[in-house]
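Right, one structure below, let's go through it.
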Amino acid sequence: MTNHMRSIVDSRSGSIGSRATKIYKRHGVLVSLIIGALVMMFPVLWMISMSFQPMDEIYARTPSLIPRHPTLDNFFTGWTQGGFLRYYVNTSVVTTCRVVLTVIINAMAGFAFGKYKFRGRGFLFVLVLSAMMVPDQIRMVPLYVMFHSVGLVNTYASVILPGIGATFGTFLMTQYVRTVPDELLDAARMDGCSEFGLFRQIVIPLVTPALVTNVIFQFLWGWNDLLFPLLFLQDQSKYTLALALANLGASSDLSIGPIMAMSLLSIIPVLAVFFVLQRFFVQGIAAQGVKG
Amino acid sequence: MWSTSVPCRDGAWVYMVTKLMDRIPRGNERHELKRRKGSRSKTIAPYLFVLPNIVVVVLFGIYPLVDNIVVSLTTGDNGWSDFVGGDNYLALVHDSAFLASVRNTFFYTLMLVPVTVIFSLGIAIGMNKVTRFRGVLRAAYVLPYLLSWSVSGLVWRQMFQPQNGIINWALASVGLPTSSWLLDPNMTMVSLAIVGIWAGLGYYMIIYLAGLQGIPSNLYEAAEIDGASSWQQFRHVTLPGLRPITSLVVILVTIASFRVFEGIYVMTGGGPGHASFVLVLYIFIKAFTEFSLGYAAAISCVLFAGVMIVTLILQRLLSTDD
Amino acid sequence: MLELQPKASRGAFDRRRFLGGMGVLALGATPLLQACSAGSTGNTSAKTTTLTIMDQYSSDTEKQAMITIAKNYETANPGTTVNLQSLAQKLFYQQLETRVAAGDPPDLAMLPLPIIPTYAAKNYYADLTQYLPPDFFSHFDQLRTQIDRPNGTIAGVPMADSVRAVIYNKTAFVKAGITAPGINDEPWTWDEMVNAAKAVQAHGGVTNGLMFEKPSFDGWIPFLFQNGGTLVDDKGDPCINNAAGVGALEWTQNLYKQKIAAPGVIEGTVNPLQLFESGQAGIWLSAGSDMAPALAKQVTNFEWGATFQPKQVKATTVIGGGDLIAFKGKNVAEAAKFIQFAAQPDQMLIYNLAVASLLPRDDAKNTQSTIPDIINVFTTQAKKYLDPIVGQQILTPMYGAAKDGLLRELQSLVIFATTPQTAADNMNAVLVKAKTA
């Protein structure tokens, strides 16, 4: 709709040359994006290619993007070398728990920081901000001590709990919640809506794109998390995918072909989650049409 | 979608639509929240909402941080005993590896932040305009971010090989000069920054995309009716509307660059020499290769202080409302 | 019109019910989460003992060997469970160090030699003397077991001796018309080795004539000693920057200048095993014997062989190995039992076969190897061409603290960021600092 309007505006105010620019405007963006996408995807395409190449081809003097002698060996080798199904299950359980807890907590906190003025807000916000800057390495020993003392080492909980992202997601939600109009909340309050009702019925729907973003990325971070599984899991049967893959990559067990093949398999769930959820970016407020 | 989340009263809905019609862009306003006298639930509510988050932050973020500060004053071998006071910090000043890691981290951040912020914004805006292949395009840009470093690091490392790597092969086949990339001490951090930008673009694009959704389209329509060109619409509707999101992105990229580690660890391990030494990597090496936990803790505290200061400055510079 | 998140589909909670819900959640959480801890190490009934062992491996066969030994132990000692955790090297140290610093070390760990003195100096090991028979080390070499007996205690037992020699691409050699020294020949001199590398690069179909071992200073240190250099002098003061040391560094840098040495190996941007396996390098200097099983399994399109490290002023290599060490903890008696079990000849053989290492015991014979000729070269290298001074100098806390810094100076050297003299001086400074730390 807006494109159409713009083309009317353009053709009215411009000359013949603007017709050409009009066509470029319509497709130029798409073309540039496609070229950019190919550049971005190139290493991934390379990785996919390596998954199907036998070893001497991967290391050949003239590398080739299209496998000359494609093979499925890498997948078989990688899969049979150890219980990937088990790792998938573990990772799914752990990640789902993390995501659910995290997104709920972030949304609530974001609402508080974004829409309320309360005593200590600045201090608490800085607290969250500062926790975001703590590098994972320095959390390792204190968290181990903490979990060891309550006997939670080597459990799912020890991987889920420290992974509850209470920093980036909160920051994200706060910024998005700020874009919700105050008048809306005041109007609802005047109509007798409770604070929690405000949260659930007004704010949540309005920040859905942000929620979806948070879900996607918390899922991704949880899926790929290496640090806490490495630290706390001591039974191989409880390992997550990231840990198992890192183990493979850091040893001489498998050569690079099977490692690429297994990594390819492991990103499929994340990709699936992304594909399913990314539709919801478009569905913000129904009154809006296609953005210009 | 809107229709299923009915606000408490229809009146509020009508009220909102009326208000939206003559709204000016969010970013330039300060809004005072009206405080209702005697509304106890409203006073307690924010604390309740924020409580779970704060509990998690304190338990899993702040406590380790405090513990770390204490450990930085010890050798780190025996928990909180073995006190050495500020010795670790004094040693840092003369530590050429530490200074190298500070330099490299700064350099990396300076390369990453502007490029990432601008490019991801551009891509998001472009993405918003196209109507076809949306899902596939978005997936293509985000895919790099979805990969773990154990994988993409190895792939890039392979691509950067001076002799058989595909990048040099492609450059040479069209007659462009090649480089030793990771093995050229002047190019190591640049190569790593390229990879860092590649990995992050999709992530920040998503954040911008979500932010773009929050700008009401009637603002664009109003601007068009007023005869504004695309560029003017961008400057006067999009950019201001994106202000909170842009400040978010700048801060996130900055913090992420200061904390860069895993990719570099996989690709170069900090080498060759100290060419790709960054702060978190140095912490890692001190802790897990040389088993000097106290010293590692000291570096962490310095890193933390640095990031904190930079972030607070950025917050101040970029914040839209208080 | 899709409602999306779980939270949005909640019923109409009001604040009080919400709070109550959170409280119940918190109360219920801990026992619920503990229920997820199936098989955690804290779960011991009165009858069974659990032993936790951490093993670090660089190949699947190595990993399987430890698993087998652990299972054998469980069979021989019903009522005991062994929780064996195998991690690749890089990951291993993260978990180990965190657990040690947090006061929850594993009962036993399979540690490579260079690490052992560092932890010993921090007093982390258990003393097993009272649990072991007085003649426990009778079949072991006295010098070799020094490292397991810090300050008069007994902390562990050697499980494997690894040694570095040279692995080469036989097919490429044949193509270039050259041969490598056989098991009864003298090692190459430096010049002879470099000439072989040049020949195989020119005519053997490989990209680079030679490659160094991996991003580890241990792999380069033989060349320092081969040239007559040393880390420290008789008084114990660092002197790596004497003429011999600078000479060794200069020789190394020249190999890179002439493009005979494969880039990326010392710098850490290439996986050395994969580089060799793909047939791109002719000679793999300082290759460890533990690479042999992986090569035997994975290399199918060319033949490979082993020969001795080259010599200059002297002929030597560097030792390595792994020992099973007990940490201070609650299960010291059980740990001692396991060590006794694993140190038996038949159990040790399982491990040695897998790692293609040499046997620390003198009363066991490795007759089952699938690559006996290769192993023979390594054994001979250890017997005839290994200077004890190397082991004396690197099995010290000083070297453990200096290793990383030394490697980085070496890396700067091979990318031409420093001159040999500067690199040597910097290395010396690293050693000095490590010594006083």
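Odds and ends about this structure:
As written, the chain order gives the labels A, B and C, with residue 1 at the start of each chain.
As a working rule, contacts are C-beta pairs under 8 Å (C-beta built on N, C-alpha and C of every residue); 3 or more make two chains touch, one makes a residue touch a chain.
The structure displayed is predicted, hence computed values, not measured ones.
Look at the CA centroids: the one farthest from the centroid of subunit A belongs to C. No other pair of chains has as many C-beta pairs in contact as A-B.
Distance between chain centres (mean CA atoms), subunit B to subunit C: 37 Å.
Separating the CA-averaged centres of subunit A and subunit B is a span of 13 Å. In subunit A, the residues that reach two or more other chains under the touch definition are 58-61, 104, 140-141, 161, 194-197, 204-205, 208, 212, 246, 249, 256, 283. Within subunit C, residues 2, 8, 15, 18, 94, 101, 103, 207, 280 each touch two or more of the remaining chains. The set of subunit B residues that touch two or more partner chains comprises 1, 3, 5, 41, 45, 52, 164, 287, 293.
By the touch criterion given at the top, residues 55-56, 58-61, 81, 100, 103-104, 107, 140-141, 144-145, 148, 150-157, 161, 194-197, 200, 204-205, 208, 211-212, 215, 230-231, 234-237, 243, 246-253, 255-256, 280, 283 of subunit A touch subunit C in their complex.
Those residues of subunit C lying in contact with subunit A across their complex are 2, 4-8, 10, 12-15, 18, 30, 33-34, 36-37, 39-42, 52, 57-60, 63, 83, 85-91, 94-95, 98-99, 101-104, 207, 271, 273-275, 277-280, 291, 294, 298, 301. Residues of subunit B touching subunit A in their complex: 1-3, 5-9, 11-12, 15-17, 19-20, 23, 26, 31, 33-34, 36, 41-43, 45-47, 49-50, 52-54, 56-65, 67-68, 71, 123, 126-135, 137-148, 150-152, 154-156, 158-159, 164-166, 169, 198, 201-203, 206-207, 209-217, 220-221, 224, 227, 230, 233, 244-245, 247-248, 251-252, 255, 258-259, 261-262, 280, 283-284, 287, 293, 296-297, 300, 303-304, 307-308, 311-312, 315, 320-321.
By the touch criterion given at the top, residues 1, 3-5, 41, 45, 48, 52, 76-77, 79, 97, 157, 160-164, 180, 182-185, 267-275, 285, 287-291, 293 of subunit B touch subunit C in their complex.
Every residue of subunit C that touches subunit B in the complex is listed here, in rising order: 1-3, 8, 15, 18-19, 22, 93-94, 97, 101, 103, 118-119, 122, 207-208, 215, 263-264, 266-270, 280, 400-401, 403-405, 407-409, 411-412, 414-415, 417-418.
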